[in-house]
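Before anything else, here is the set of structures, which you'll find just below.
Next come two complexes, and both contain chain A; in the first it sits with chain B, in the second with chain C.
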Partner chain A sequence: MDSTIAVLAILDGLSYAALVFLVSVGLSLIFGVLRIVNVAHGSLYAYGAYTAATIGLAVAKISPWLTFPALLVASVLVGVVIGGLMERFLLRPVYGREEVLQLLITFAVFMIMDNLQRLIWGVQPIFAADPVKLLPNVSVLGVNYTSYQVILLPLVALATLLGLRYFLRHTLAGAVILAVTEDREAATAIGIDARKVFLVTFMIGASLAALGGALASPTTSLVPGMGTDMIVLSFAVAATAGLGQIEGAAVTALAIGLARAFIIYIQPEFEVLVPYLIMVLVLLVRPMGLFGTSKVRKI
Partner chain B sequence: MSARSSVPRIAVLLAVLAAALLPVLMPSWATLVTLILAKGIVVLGIIILLQAGQVSFGHAMFFGAGAYAVAFWGKYVGAGDLALFLVIGPLLAMALGALVGLFVVRYREIFFGMLNLAFSMVLWSLLEKLYHYTNGADGIRVARPTLLGMAFTPEVFQYVLLYLTLGLVLVVSYGVQRYLDSPLGHMLRAIKSNETRLEYLGVSARRILLVGYVISAFLGGLGGVLVAVAQQIATPEFAYWTKSGEFVFIAILGGAANAAGAFAGAAVFEFVRFMAAAKLANAWQLILGIVLIVIIMYAPNGLIGLFRQKKKPAGAKP
Partner chain C sequence: MTLFKTLLGAAALATTILAGPVAAQDKPKELKIGIATFLSGPASVFGVPAKAAAEMIAEDINKKGGIGGVPVSLSFIDEGAGGEALVSNYRRLVQDEKVDVTFAAISSGSCVQLAPLAEDLKMMNFMWDCGAASILEARKYRYVFRTQANATPEMLAVLMYLLKTKPDFKTIAVVNQDYAWGRESWEIFSTALKQMKPDVKVVAELFPKFGAPDFSTEISRLMALKPDVVLTTSWGGDLDTLVRQAGQRGLLQQTSFVLGIGETSIQRLGKDLPEGIIVGARGDHWFLHPEMKNDAGFKAFNEAFKAKTGSYPIYSVYHMQQAFSALQGAYDKALKAQGGKWPSREQVIDAMAGLEFKGWGRPVTMRGEDNQGLEAQLVGVTKAAPGYDFKVLDNMMLFEPKRITNPAGTKSVDWLKTLPADFYKAVVPTFKHGG
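After this line comes the complex of A and B, so read on.
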């Protein structure tokens, strides 16, 4: 493997890892607080992408630069509206019920969203590459790459990581979320509205999935099934890192992103295999994930 | 205590008769009923694990293993016999189940589900990407097999397959019921209610769960063989995570407390899909999703639960 290809693989891996991180950190956050694995998370990613493309294509007629705010608007819109409705009306009634029922509710939402997506946006690929074209290309060690992918995406991911860290560790709202996660009853007893915390957390997590999708939309064609693949991939990252681990998700996303990028250049047919193989191997050795703290077995 | 044997025999008898006779009146239903029964067999496996409180979100790997056992035989060995397929498919799935099971039975709840998912996605990506051997996403066509050396026309074969499947359903349902009523089955349920106490009694919970897991893998493989033969194709989608989700869905839809729930759930699932695909131009997923939410919200014991509450003695298949 010559050095140009190695650089190319690193850049590919970096931009891909940034997207995967955004989605999986949302999944991880929701699991950490609500104890629910959201199967519809990939659909939120897909809706973020499609909504961003739809808004972007509409505002691009006014000015192509408006496609950038469109990305953000789309993700917040999807996260707050769809995420909010989902938590309030579908998840809230099943808290405390059997785990399998909670999981299946989100599976049902996945089926509904997947179907609606085909009905709304059709099955033809949609392209909305304006934001990528507007930013110049950069040359990294002799390799040309879009600055959207190698600068903007990693920056957004980094900002999200630092922002989440700051929010959870250094603000009152973050402390409230941590309190509810730690001990819901005690938190409620001191006057914290746990239901509101769940709702807001779910909206944040859903927005992160949608943001991942919105940011991915200019770099790829939007096709049915994009969310179906993303959900298992973000599962793989979140589970490998340890569910609920935010910094861990970043490290794992980077590792899986790079591993996948290199394998594409070495042995392309194993591209899809890599994340799952890593997940199996890690979970076999450390079931709580790389960064998860292990729970002592009762017996 | 067993809620499982409380579905009236007359209802079971009616359902069996309906499955046997309806396709005679409506030939186009023969394959549909076969698919319902075959999926019900897979769901029986999910129900076994649910008894222990564990949800496998990767059971499609055994379904896929059974289907691809048939497909690979056709591609690399040549013409085959259904009787042979019904042996090698489930055995392959069982062997895979024993191997994967050795690892996954160490974990519970979300970790059990996740690890199953991971293993099934490994199988899926191999089936999808090793294009050279598997034809990738196109899948492998499965030729109509003989049965004990006898060849059939397509019209006759669909009935042969239907009645064979129906016979297998009766056999495995009886077997699963016996298993769940046996000490092994009771210990399996104890994993859900109180695993610690089970271990204090000197029983290895892992071993108990492994037995259940291997049996459920066997059932997954059996269903896979039947579906691959009925649909005459095996594709990587058979092992994809949405398929696993579908099986869990059917188990909850029908009611996980009862073997009959597997078939009631499969009947409703396939029927809604069949009708909606024909009438509502691809809105079947939407409709099934809404049905699932309604069932979970208002009838957590599934269709069989509804049926038992109302105590309708002779309501035919829902």
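After this line comes the complex of A and C, so read on.
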């Protein structure tokens, strides 16, 4: 392999990893705090994309630059409204009951959202590429890249990673979340409203999934079923990293993104296999994931 | 009155007994058609417009008095359910709803499942959109028909167009979806290419995952490889994404793109599809079909469809029309053979052999030996045209089906390997847009 291919593969891998990280980190965060495997996470990704495209197409008539804030507005809207409703009315009643209930409920939400999506946005692919078109292309070794994909997406992913780290480690709200994660009973005993923490965390996680979708929306066709693929990949990333591991999700997304890009250059037949191959290999050696830690049972 | 009824009943019974088991029957109250189409999943880009078309066509048939005086009624099942659910829904259509004919299906995977089942149930089934040639090559069916071409002529026409219009290309790359159609269409195309232009080098064979949201890496690789031609037989959101991402990064301008079945994406891609892209249509399907564009019925159908759905018809819509036309043609022929009496299913099946019917393109002939439809192929190149906010097709070639469809009893790939190098040089009529 020559150095040209290596450079191109790194760039391709970075932009892909950025999107994968944004979606999987939300899944990881929710699991880390609420201990819920949210099967509907992919639907939040899809709704983020569709909502961003809908708002974007509307505001583009005023100014195409408004499509950038539209991406953020859509993510927060989906995360707060849908995520909030899900947590408050569907998940809260089943905390502390068999885990299979949470799986069934989030799976049901996934099915309902998938059908609603078709009712709202139809089945024809939707495309809203203004944000990509507004930013210039950059040429690397004679190959054009959109700066949206190789600069903006990795920057947003990095900012999200650093922002989340800072939020959880250096703010009071973050400390409260960590306290509830560590020991819900003790946290409640010192006056922390665990229910509120769960609600806010779920909204943040849901917003991150929606942000992934919103940021992907200018580069891809929005089609029925788009959330399904993303949920499978996000699970692979989250499981490989160790469920609940935020930095782990970033490293794993990067590893999967780069490995996938290199394999497309070297042996494209294995493209689909790569993320899952990495997952299997990692879990064989470290069943708790790359960054997961085994916990001592309390009782 | 009671005596009259008894006599009438006895007469009817006697007629039935005397006429034997395949005798003409009483006209039913309605002719029930069960249709398998994608109502969910990515392939609903074909399935949902086709359902809208089926409803329009059925309404039109009923307005005109039905088929042989019998109104048609429709039941739909969702191919998106897939697997066992699709099979059990199909059984329900046949055994519980007692449909008279089924149109199934879009996906070759569905057809592979449903064709043998239809045969077992003795249910007349039209494979109204699926393309895998192997289905009718592997087994002789009595009850299963394909009312359009298969993948072999569809791909061969696209290759011949490419060789006729860009004869000097030296390198080619393929980016197809990683599933049966993506693989099979490339096998057909590349096998024929080896026969007709063996010096062409295949520089990359890329099969990204079906439904992939991002082709950035594939595009980078193609931009580095700089092939003369890039072929893709992808469709739906995958094709739209590939074309748009390639356009954003200048790949469409750097290399010649061939969209094997791109006709369905033209309207959606709008201005993002540049000029000079070769586009196939899985049949002679184009809402500005050069031989049909002045036909009043064709124009009215297209406009009514646009009014109903917001877009002009795509090939799956025209394939649906062909299934209805075949059904109408078969019943008309069987009715005539029975002197106007309502035919049995077996008699309608018999009428299918050699039947010629016309949808919204050139006439299609049902080949009696293997129940394969012989359908013309239209391939063109994109061009901007006043009055449309998307590209139209120009320099359209219409390929005769008999020449480019593998003969009955042969396997597609085996037949392709026998083609002479100058096969593509056959004279084919060319039509300008608006000409």
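Just so we're on the same page, the second predicted complex is superposed on the first by the 287 of 299 C-alpha atoms of A that agree within 3 Å, B and C clash if a C-alpha of one lies under 4 Å from a C-alpha of the other, contacts with A are read in each partner's own complex, and residues count from 1 in each chain.
In the analysis below, a contact is a pair of C-beta atoms (placed from the backbone, for glycine too) under 8 Å apart; a residue touches a chain by one contact, two chains touch by 3 or more.
Just so it is clear, the model here is predicted, and its values are computed rather than measured.
Enquirer: Once both complexes are superposed via chain A, do chain B and chain C end up clashing or fitting?
Expert: Aligned on chain A, chain C clashes with chain B.
Enquirer: Once chain A of both complexes is superposed, is A:L101 in touch with chain B (first), chain C (second), both, or neither?
Expert: First partner only, chain B.
Enquirer: Just chain B (first), just chain C (second), both, or neither: which does A:A216 touch?
Expert: In the superposition, A:A216 contacts chain C only.
Enquirer: Quick check for you: in the superposed arrangement, does A:M111 touch first (chain B), second (chain C), both or neither?
Expert: first
Enquirer: Could you tell me if A:A186 is touching chain B, chain C, both of them or neither one (first, second, both, neither)?
Expert: After superposition on chain A, A:A186 lies in contact with neither partner.
Enquirer: Taking the superposition as given, does A:V272 touch the first partner, chain B, the second, chain C, both, or neither?
Expert: both
Enquirer: Contact-wise, after the overlay, does A:A261 reach chain B, chain C, both or neither (first, second, both, neither)?
Expert: After superposing on A, A:A261 lies in contact with chain C but is clear of chain B.
Enquirer: Classify the contacts of A:A173 with the two partner chains as first (chain B alone), second (chain C alone), both, or neither.
Expert: Neither: A:A173 stays clear of chain B and chain C.
Enquirer: Residue by residue on chain A, keep only those touching chain B in one complex and chain C in the other, then list them.
Expert: Chain A residues touching both partners: 115, 118, 269, 271-272.
Enquirer: Quick one: in the complex, what on chain C touches chain A?
Expert: Counting only chain C, the residues touching chain A are 40-42, 44-45, 47-48, 178, 204-209, 211-214, 216-218, 220-221, 223-224, 236-238, 240-241, 244-245, 248-251, 268, 272, 311.
Enquirer: Give every residue of chain A touching chain B within the complex, in rising order.
Expert: 37, 39, 90, 93-94, 97-101, 103-105, 107-112, 114-116, 118-119, 228, 232, 235-236, 239, 243, 269-273, 276-277, 279-280, 283-284, 287-288, 298-299
Enquirer: Show which residues of chain A lie in contact with chain C when the two form their complex.
Expert: 4-5, 8-9, 11-13, 15-16, 19, 115, 118, 122-125, 127, 129, 132-133, 137, 141-146, 149, 216, 219-226, 229-230, 260-261, 264-265, 268-269, 271-272
Enquirer: For chain B, which residues are in contact with chain A within the complex?
Expert: So the residues of chain B touching chain A come out as 50, 55, 57, 103, 106-107, 109-111, 113-115, 117-119, 121-122, 125-126, 128-131, 195-196, 199-200, 241-242, 245, 248-249, 252, 256, 282-286, 288-290, 292-293, 296-297, 300.
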